[in-house]
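Below, subunit A partners subunit B and then partners subunit C, in two separate complexes.
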Partner chain A sequence: MSPPAGESPHWPAVGRTPRFRSPLLHAGIILGLIVIHFILPEYHNGNLARIMVLAVYAMGYNILFGYTGLLSLGHALFFAAGMYGLGLPMHLLGATPAPAFLGGLATALVVSAVIGFLALRTSGVAFMIVTLMFAQAGFLTVLLFGEYTRGDEGFVIQQAARQVAGIDLTDPSNRYFAALTLFGVCLLLIAWLVQTPFGRCLVAIRENEERARLLGYDVLAHKLGAVIISGTMSGAAGAAYALLFGYAGATFASVQYSILPLLWVLLGGAGTTIGPFIGTVFMFYLIDLASGVTSAYMLIAGLALVLLTIFAPQGLAGELRRRLMSWLP
Partner chain B sequence: MDFGPHLILATLEGAITAAVISLTAVGLSIVFGIMRIVNVAHGEFFMLGAIIAWWVATAVGGHPAVGFVVAILVAPATVGVIAAATDWLVLRRITYDPERTIVATIGLLYIIQQATLMTFGPDARPVEPPFNRRLAIPWVEFGDGGLSLVWPWGLGTTSYKLAVIVAAVVILTALWLVMKRTRLGLIMRATQLDSEMAMAFGIPVTRVYAVVFGLGAGLAALGAVLIVPVQQAHYLMGGDPLLLSFIAVIIGGLGSLPGTLVAAVLIGLSDGIISVFFSPTLAKILATLLVAFVLVFRPEGLFGRRKT
Partner chain C sequence: MTAPLLSTRGLSKSFGGLEAVRDVDFDLPEGQIRALIGPNGAGKSTFVGMICGRIPASRGDVRFAGRDITDLAAHRRIGLGMAYSFQITSIFARLSLHENVALAVRRALAQPHPAAVDQRVAAVLDRVGLAGRAYQTAGELSYGHQRLLEIAMGLGQTPRLFILDEPTQGLAESEVETFKALIRTLGGETTILLIEHNMRVVMETAEYITVLDGGRRLAEGTPAEIRADASVQRAYLGSGSP
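Let's turn to the complex of A and B:
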């Protein structure tokens, strides 16, 4: 809780207060990502575009897990809802990207509202299992309608269809900036959201649900809001992934894709704005390097999970906040 | 083909699934009941049991029965020791925090699965059953001379499959006796009721936890050794048993052994029957949704009692 600036004569100088540091940090990250595009070779640019889209997924997950303290094991359902919400109309009906993207967002919004309404009746371990089961049912549904979704094999969205206002999204540079736009919008959105009374109430629920209720907050409504925002952002990532990389498949609805954002967020630091991005970058390159050595690259992911739960439950950004930068949002 | 003989066949196949799922689910239920944690890597302990059984049976050679007998003794014990070691190395360090345990056991799941992929390889490999006499299923039919027994063509089971069912019943009875009649069972039940009070009475709770975790994993491995002559050993075989045992534990009421058992038998039978007559994918969707809705609307399970 920071008092409003200007009231206290002892308030530290501009640039050292959280109010100014936080926008500086986020603007700095976005600027850095613009600059780095012109320095890095093409291979890493392609990787970074993918990482930014996946980081949006991780940030969406972080709203629920990091800020509200609800551990979902079924976010692949929301990612896939966005992916197929965009992909199926484009693939089957020949929809154009802009309305299809809105379709993806709307699908994720509806799915997360329904799942949130049902799953929030439970808590703790039951909440994890319920979300896991709903996501599993969603994954199997994608397989069941293999006639339209082409199941595991998936379908490709043709290059000709991936044009927005004359911009060719298959061009690596355009793709990079499209990914960066989405990433930047979501990063700033979250940085703003966690400062609002709504965001602060989510943290209060995470820290002590009973106390938040006692203080008169409508805990259930706040949790439902968190599920919907989190699910819709995950869906936006799914839709963007299908649009930018031209592919939708059942793998993205599988359990593995529910576990991955958890891993990224845990690694980067739950409940921090920059943690999900750090975690995604770290994990992506770890697996990228590991898959050059062995086909069993998920072994690395497993080891990372076990070691993290034992040694750094706060994640990289969490450790950073604990040791050096206590102001980290 | 007639409906009747097929129904019998489906029921038999279902009974075998039920036998294996009961063992796995009871293992999961013991761990949940006593330690209050969800072991997501339970299916991988099942898989390890089958893989070790294949290794042992191949190494022993000779008559299939010799290899199998050695495997059924060695595999569950090895898996039990591995599980107890993980409990000691990992779970004890995170103080059995429910949420962190789930994350850690997910990590464990990937480690075991991928380590098996690296050593055992991606192929499915069979273990020969110790005995395997083919038995035709008889069926009663109205013939010219009244009632008569017929053996419909092609429908049959094997003596080994029937033995799996018997073995599961024997093992579960033995487990029940251990829990109710021995000192070890008493200690485990005391820890389940109130671990702090048990500790105050001098029960080494951390050691009990390691034993329980090993026992739960060992039961899963035992189920796997029994099923591996029917269904080959493969590094991804842990997924289905995990899902089905989860369903059994949840429907039966978290932590309640008799409830879990009843649910496992019901699920095994219905899984066998549904997948003979309907699409297996649809059957799985219905099963997962059922679990989700049971948890949403009756968190204490269908057979569980609401705790105060």
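Let's turn to the complex of A and C:
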């Protein structure tokens, strides 16, 4: 399994390794998550449903940060666009979940297209600040229209409304499989995307933008595509979160929710397909366990983060790729 | 005579007060191996940068393959069939050699099927003598091999016009020999614009030579004519060594 001496330690050697490994890995993860549902106690099943939805958010973030090399500090805007794009029509107009979910996706898509168009005029630190400012504007908009959004307090989506084709999404098991469906679709989508010429070009842009341009790639169009895919996937997570857990509130549009996916991705391994999920699981349980031990749980979590950054600077999956599985996509 | 593949008229660039390239008229017929020479700071890199779109021109225009490309973005110009190999090596250091070249090949192929891409990449790496290293990380290569990879990326694009900016800079003697052989075989396939300091390489590969000095076109002619040109000798003697 370990690569012969002198082979690529950082990025997968596409073209040499058998092409079935990557599909096998991702199908294996999805299968594992099906099996584990019947083994784990209810408490952990509940956690995992939440983790899978948040991991979709992290995977969306990873497309832009991990694969394209663009650091956004405003992804909460896309998460919230999906959340309110689904939540408000359900809450105010009595929309049913399926069209409301599409509404959430469409909202996130439009918002990310507009933000991408504007923010991609900048790069580096300016891009970070511009995305941060736009997200802050989004957060304030949610508060400003408190009459409808109920601001910080948020609103609940009633159990009676969270039914799709006779399936009650408030039932823990149904909720788990709904989350798994979204997670599985997004995971396979990304695994496919990063193998396409489009996905390979995103990596090229991350590695050496000017070189990519002078190979003839339209860098701006590729970056815009990355923002839109990233933002829409983040929005899908936001919409699913509101639908499956029955709540939408301004906290999810706050800067904290822009930082979280960055942390999950850094911990799990930026620019890997499975890193965002690993990072989300890790951080969720780290905080969960630490808070069981002490009230200063953020201190323990923080310490673990520092240790990880020192000993596994490429994240857990990045370390896995470096040491054992050079083919990891 | 048929129209040249590439031509510039009045092409100029100023950086602040400094006029790096001044009113250069230039014609390159299809299929020619042309060398562009001149002392350090003559404006050679700036000139080809304006041709491939890396550097916006201050004045003048560029025509390529029968159309005015003065206002086209770099990636569009490359899409028309140019390849540019950087003076300062610019590769994807953390990717494998295979992927470096595959990125060039995929953009150039109309239908980038993985098998077709792999085959083309292997052929290109073989041509520059890097076939055995396809799955090494590019950044771990020696300097000379990185230069060869840079050239391989250009080859992978199957360009109509291949611009090479000082490709032999820092190469070992044996690598220079390999490079000369490569350029000669390429000559039958594509048009080459070669910036080169090594006079032996220039005299042995170029069919025609353009000399820049102080941003202006100083002389143009066959290798024999350039060798005999008094103004060229003065320019080089004035700036030290060629």
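FYI, the second predicted complex is superposed on the first by the 292 of 329 C-alpha atoms of A that agree within 3 Å, B and C clash if a C-alpha of one lies under 4 Å from a C-alpha of the other, contacts with A are read in each partner's own complex, and residues count from 1 in each chain.
Everything below uses one rule, namely that contacts are C-beta pairs under 8 Å (C-beta built on N, C-alpha and C of every residue); 3 or more make two chains touch, one makes a residue touch a chain.
Computed from a predicted model, the values in this text were never measured in an experiment.
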Exercise. Identify the partner contact of A:T122: answer first if only subunit B is touched, second if only subunit C is, both if each is, neither if none is.
Key: first
Quiz item: Which partner does A:A98 reach: the first (subunit B), the second (subunit C), both, or neither?
Solution: neither
Exercise. Identify which of subunit B and subunit C touches the larger number of residues of subunit A.
Key: B
Quiz item: If you stack the two complexes on chain A, which partner ends up touching A:M325: first (subunit B), second (subunit C), both, or neither?
Solution: neither
Quiz item: Looking at the overlay, what does A:A204 touch: subunit B (first), subunit C (second), both, or neither?
Solution: second
Quiz item: With the two structures laid over each other on chain A, which partner does A:L214 touch: subunit B (first), subunit C (second), both, or neither?
Solution: second
Practice problem: For subunit A, give the residues common to its interface with subunit B and its interface with subunit C. | Solution: none
Quiz item: In the complex of these two chains, what residues of subunit C are touching subunit A?
Solution: 52, 54, 73-75, 78-79, 84, 86, 90-96, 98-99, 102-104, 106-108, 112, 114, 117-118, 121, 134-137, 140, 153, 157
Quiz item: So in the complex, which bits of subunit A are touching subunit C?
Solution: 6-11, 13-16, 19, 197, 200-201, 203-204, 207-208, 210-219
Quiz item: How about subunit A: which of its residues touch subunit B in the complex?
Solution: 71, 73, 118-119, 121-122, 124-126, 128-130, 133-134, 136-137, 140-141, 143-144, 259, 262, 266, 294-299, 301-306, 308-310, 313
Quiz item: Across the complex, what residues on subunit B touch subunit A?
Solution: 38, 90, 93-94, 98-100, 102-104, 106-111, 113-115, 117-118, 243, 246, 250, 279, 281-282, 284-285, 288-289, 291-293, 295-297, 299
